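Worksheet for the structure shown next.
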Amino acid sequence: MTDPTTERSPKARFDSLSGSVDERLYSQMTLIRQFEERLLQLFEGGELFGTTHCCIGQEADAVGILNHLDERDIVFSNHRCHGHFLVYGDRPELLMAEMMGKAGGLVGGRGGSQHICYHGFHSNGVQGGIVPNAVGMAMAEKLKGTGGMAVVFLGDGTLGQGVVYEALNLASLWSAPVLFVIEDNQWAQSTPVEKELAGDMVARGRAFGIRSGEITSTDASEIYAHFADIVASVRETGRPRFEVVHTYRLCHHSKSDDKRPREQVEARRVGDPVPLLARRLDPSVVARLDAEAGRRVTEAEEHARSLPFPDPSTLEDSLVSAR
Amino acid sequence: MSRLDESERELNVLGSLNGALHSILGDDDRVVVLGEDLLDPYGGAFKVTRGLSDAYPDRVLTTPISEAGFTGVAVGMAMRGLRPVVEIMFGDFLMLAADQLLNHASKYTWMYEGKVDVPLVVRTPMGGRRGYGPTHSQSIEKHFIGMPGLVVVAPSVFHDPGALLRTAVVDDDRPVLFVENKLMYARPLRRIQGGRVGDMAARVDDARYPTVTLSYDDFRDADVTLVAYGGMAELAARAAERLLLDDEVVCEIVLPSSLNPLDLTPVRQSLARSGRLVVCEEAAPIASWGSEMIARVSAEAFDLLEAAPVKVAARNLPIANTRDLERAILPQESDIVAAVTRAIGSHTTPVHLAG
Amino acid sequence: MTDPTTERSPKARFDSLSGSVDERLYSQMTLIRQFEERLLQLFEGGELFGTTHCCIGQEADAVGILNHLDERDIVFSNHRCHGHFLVYGDRPELLMAEMMGKAGGLVGGRGGSQHICYHGFHSNGVQGGIVPNAVGMAMAEKLKGTGGMAVVFLGDGTLGQGVVYEALNLASLWSAPVLFVIEDNQWAQSTPVEKELAGDMVARGRAFGIRSGEITSTDASEIYAHFADIVASVRETGRPRFEVVHTYRLCHHSKSDDKRPREQVEARRVGDPVPLLARRLDPSVVARLDAEAGRRVTEAEEHARSLPFPDPSTLEDSLVSAR
Amino acid sequence: MSRLDESERELNVLGSLNGALHSILGDDDRVVVLGEDLLDPYGGAFKVTRGLSDAYPDRVLTTPISEAGFTGVAVGMAMRGLRPVVEIMFGDFLMLAADQLLNHASKYTWMYEGKVDVPLVVRTPMGGRRGYGPTHSQSIEKHFIGMPGLVVVAPSVFHDPGALLRTAVVDDDRPVLFVENKLMYARPLRRIQGGRVGDMAARVDDARYPTVTLSYDDFRDADVTLVAYGGMAELAARAAERLLLDDEVVCEIVLPSSLNPLDLTPVRQSLARSGRLVVCEEAAPIASWGSEMIARVSAEAFDLLEAAPVKVAARNLPIANTRDLERAILPQESDIVAAVTRAIGSHTTPVHLAG
């Protein structure tokens, strides 16, 4: 099911796909979109338990950024990690199994939606604390001389957390090869950005001596092009970068809790990255990629369904790692 | 979005707390409420603060994601005569504000020789059983018990949660950590009327944060004293009922609402009848509140103990997301039954010993 | 011993002093200097226990800033608080008694050097955590409508702490009347600023939408003039301000732990604020003010000596306030 | 500035720890050391890291004041194959890094089903008796005991502190909080040789973090089992000596170095001889490590207890700066003597009961 040469390298995998860049980006975005829509259906049908955070509307970030990473690199993501994981790992069946809480899920059902790990990919559910972790991982690669770098995702709201600034300071002082990606979707849960963030996002990165920039886009190709240089420069300079992507979340925060002004959300649908890219492609290609992604999601669901729930007798396993 | 309607308020823990916050804000303009995502129409992640910002827009402050920062701001407000109520969205995030509680809120009054008060309340939902996974399901109040100067309170359905919250906000000049089990929000209150609740006789002491004691035998005799708090109160009551019906074991249930300071009197009174102690909590088992309870009883009421005290707690693991594992990790009614059975030893049928 | 009209108002007290501004500033600085030199002697003589942090070289900040505050205002200081306190409270005997651990000290010996309280003045010993406290106090005054504001002191090193940025964000979002004073003395304990701080201090305030500035000076008059408008603007606008004072610490960090390059320290002695101001004054005035301050320090010491140590039977007192 | 000289290293706890760090860094290039003010010539606030940065400039990182941040960085380093050692300058500041320990370091291995290790060591000096006041004198390790996945280790002068540190850094793949009592740094090691230390017979078990047991009666008989750790070990030993000389009371002293997980075996073995338990710790008394110890013994070795267990701890207050108050707040040798006297009840002269 996995190709050893591309299993850990999003870049190698992306390069190995056929079709134009737009087509390849689209194929990943439609997979993410359909995967998450399926998740929401499963929740509605009572087949999933707990909660989840979808990235509907923000898929362009994941595909635009992570396809530049290779097998040496590290990703630390947050609660909204499905898109990031699907680009990094391309294993919808493992994520689906995790979401269903099955043995054979990414972490055997222990983590669920926001606590996953797969090779160099990690996520955790406490806002902010992953940021120094990512800096440390980047520092480790640097000290080991592997040439690896780290990407850490955080939302606009998470810029409220103090530990983020401690991490920026440390990354800058110590020259950690880490890319801080701020996915500014204008909201933190139910809170609009103007109620949670004073001043300017990019200025916050700059104030710590980190080269910082921003892009306002939901166009996956644009984001992909924008980040090519940024990722390369982190790797080349061994210095951190701080990059804000202004985007929008078209779905609720978690399962079903959207109280944002309806008009605002509707007005942002024009920026929906999936149709935005689709419009540039041959409709038959879109149909094929949609169908292929749909098939993969269905296969993932079937695979996940076929797995057993974990046995409580395994609870004491993995108190230390298997390494 | 206005407050929960009257009937809802009457019926469940969420309503009781929400109603209390409405009336406290109405009665006392020193009260301010701070936390993430509090504003209406959203009204807070668990809706305990629903309707507050519509009614009191100037005194309900929605915060950025910065638990240390806004708790620290609330500490400062409390030092200057306000009575802030902070919500930490999930109890799991409380460690982010822990230094504010340990080295700021709980220190100032004593350290400054009484020159300031810190009448701060930090409320937070704790607990699992909702499939929220390892960082959104914990009961970490135990780590905050034993900070000199910090009061820790936890209501149960047998207390009046709103009244406890009012006491903490309005009548207590000390910083209070107010722990709300999140599964309990939707649970109906079990009101004590005429000294009874359901089939049980009930006593409530006259402490500031009262302890409720429940008995199936009108406080005449008991085989075991079951001590619990918060969300475990109902599990303890259900276990007690099952033990009575299935095994004719009589439990008394002692439900403190003040986890720290801890008044041992009601436990001692019950132990004088039962001689056997089972302590129930949802937290991971080491150095927990239950440990403190057992240690206190052993040190101060050793002579009342006829058998080894037994603790019911979670397994010593993080809390898994998936249902079966979460269930196996967190303590269940059946664990309480098994513990009671163990505590009373030969009194029971062997089948329970295997449970 | 205290004048009720000036007891809580540094400004009223400063205005009530006789002499030129320079003379008055000098009288306060020489008091601080002599007080701390006496402390160090007492430590050396084994009469003081524990540790302490002197502000020798930085006295101009305290006198330049705090003389603008009145009885409505709040100060939150840190470990290096003697100068701040002596300007705010002008009660060397209470501080000395506290340092000696006596009953009748500022907080009865419970706090010692870095945990003191006197009317609107407070200090605490954990770096950073006092900053949100000060913001909250300022917010309380604002909600109560008293017109009071808060000043909080932090060092360059304390800009490493994340909670500082949480507090900046909150103060800016909520318009708290608080002045953040960064005393940049170029060192945090044994760490030079370039090893603890990346980027730019003033930019850090600005990134949070806070009007921010800086002054490089150890000239008390200059600092006094500089802060007149700043304090006034916080009060008038009800908005926070962030102001960096670039200065230098001429003494060790705490009692006796200086490993900084000797040449660097010696080179900075030209900026010593006490002789700097003295040179502008009539020598006879300087002599008089020095003598007067010396007398006050001696009186403070004698007063403190005369007090008993606190009785352990009082330990359970003040578990709640006396209010 | 090079490492402490040989003799110093031989003699005291500081030297033992410093020597261990030198040799660990020398042996294993995965080891990195992070913390505030570590660089030579300063070499750290308590000098445990003296000479390290001169010898290993690339692997000794002095940090800004950002306890959560650099602990979090170390967590990330540990996840990628390094073996970081973090110093928190004063244990009092550990709460700032608590979320990193609770929700990050201690969760990842289990939560990720064993896909990563977090071989992190966080070392920190705890404790008072130096007149440093309320925020620089605490023993707050109790708040970190009971986080599933986090090991808590504390050496005493009767252990080999450097060896314990080496084990934690090199041989333990779990995150370890390593607690160093700051008054202990200057204390000479009490080496166990030929099964004896001073006038006492000594046993050391073969646990990864060993428990030392000391006896004045060659493990034949004992009146009381005194359990202590860290800086309290010496106080316990001194109290035991005084009790022997003044009152002919024979104490066995049990000194675990692993506070969590806690192996009860050595305590149980001693209790089988003594039947009486006194637990000593410097921390504030509620929900402390001593509570856990008493709770564990009560629950698991109830039949061995002939009398109520007794706890010696600080008073339930912040720690005052001034000497007499600090002394009255923190537990003293005389408090241990009084507690032992209480534990053995009528065996002693009434004069001690008043103490």
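As written, the chains take the letters A, B, C and D, and residue 1 is the first residue of each chain.
The definition used in the following text is that a contact is a pair of C-beta atoms (placed from the backbone, for glycine too) under 8 Å apart; a residue touches a chain by one contact, two chains touch by 3 or more.
The shown structure was predicted, so the numbers you read here are calculated from the model rather than taken from an experiment.
Of all chains, A has its CA centroid at the greatest distance from the CA centroid of subunit D.
Chain pairs A-D and C-D differ in how many C-beta pairs are in contact, and the one with more is A-D. Rounded to whole angstrom, the centroid-to-centroid distance between subunit A and subunit D, based on C-alpha atoms, equals 42 Å.
Subunit A and subunit C have centres, each the mean of its CA atoms, that are 47 Å apart.
Averaging C-alpha coordinates per chain places the centre of subunit A 37 Å away from that of subunit B. Multi-chain contact residues of subunit C, defined as those touching 2 or more other chains: 110-111, 115, 124, 126, 159-163, 166, 169, 173, 195-197. Shared interface positions of subunit B, defined as residues touching 2 or more other chains, are 63-64, 66, 68-69, 92-93, 96, 99, 103, 107, 110-111, 134-135, 149, 317-318. If you check the complex, the residues on subunit A that touch subunit D are 74, 107-108, 110-111, 115-118, 122, 124, 126, 129-141, 143-144, 162-163, 166-167, 169-170, 173-174, 317-323.
Of all residues in subunit A, only 159-166, 168-169, 172-173, 195-200, 203-204, 206-210 touch subunit C in the complex they form.
Interface residues of subunit B, counted against subunit A in their complex, comprise 36-37, 39, 41-42, 45, 62-66, 68-69, 92-93, 96, 130-136, 315, 317-318, 320-325, 327-329.
Remark: subunit A residues 49-51, 101-102, 105, 109-115, 124-128, 157-162, 188-191, 195-197, 257, 259, 309-310, 312, 315-316 touch subunit B in the complex. Against subunit A, in their complex, subunit D makes its touches with residues 32, 58-59, 61, 63-64, 66, 68-82, 84, 99-100, 103-104, 107-117, 149, 173-174.
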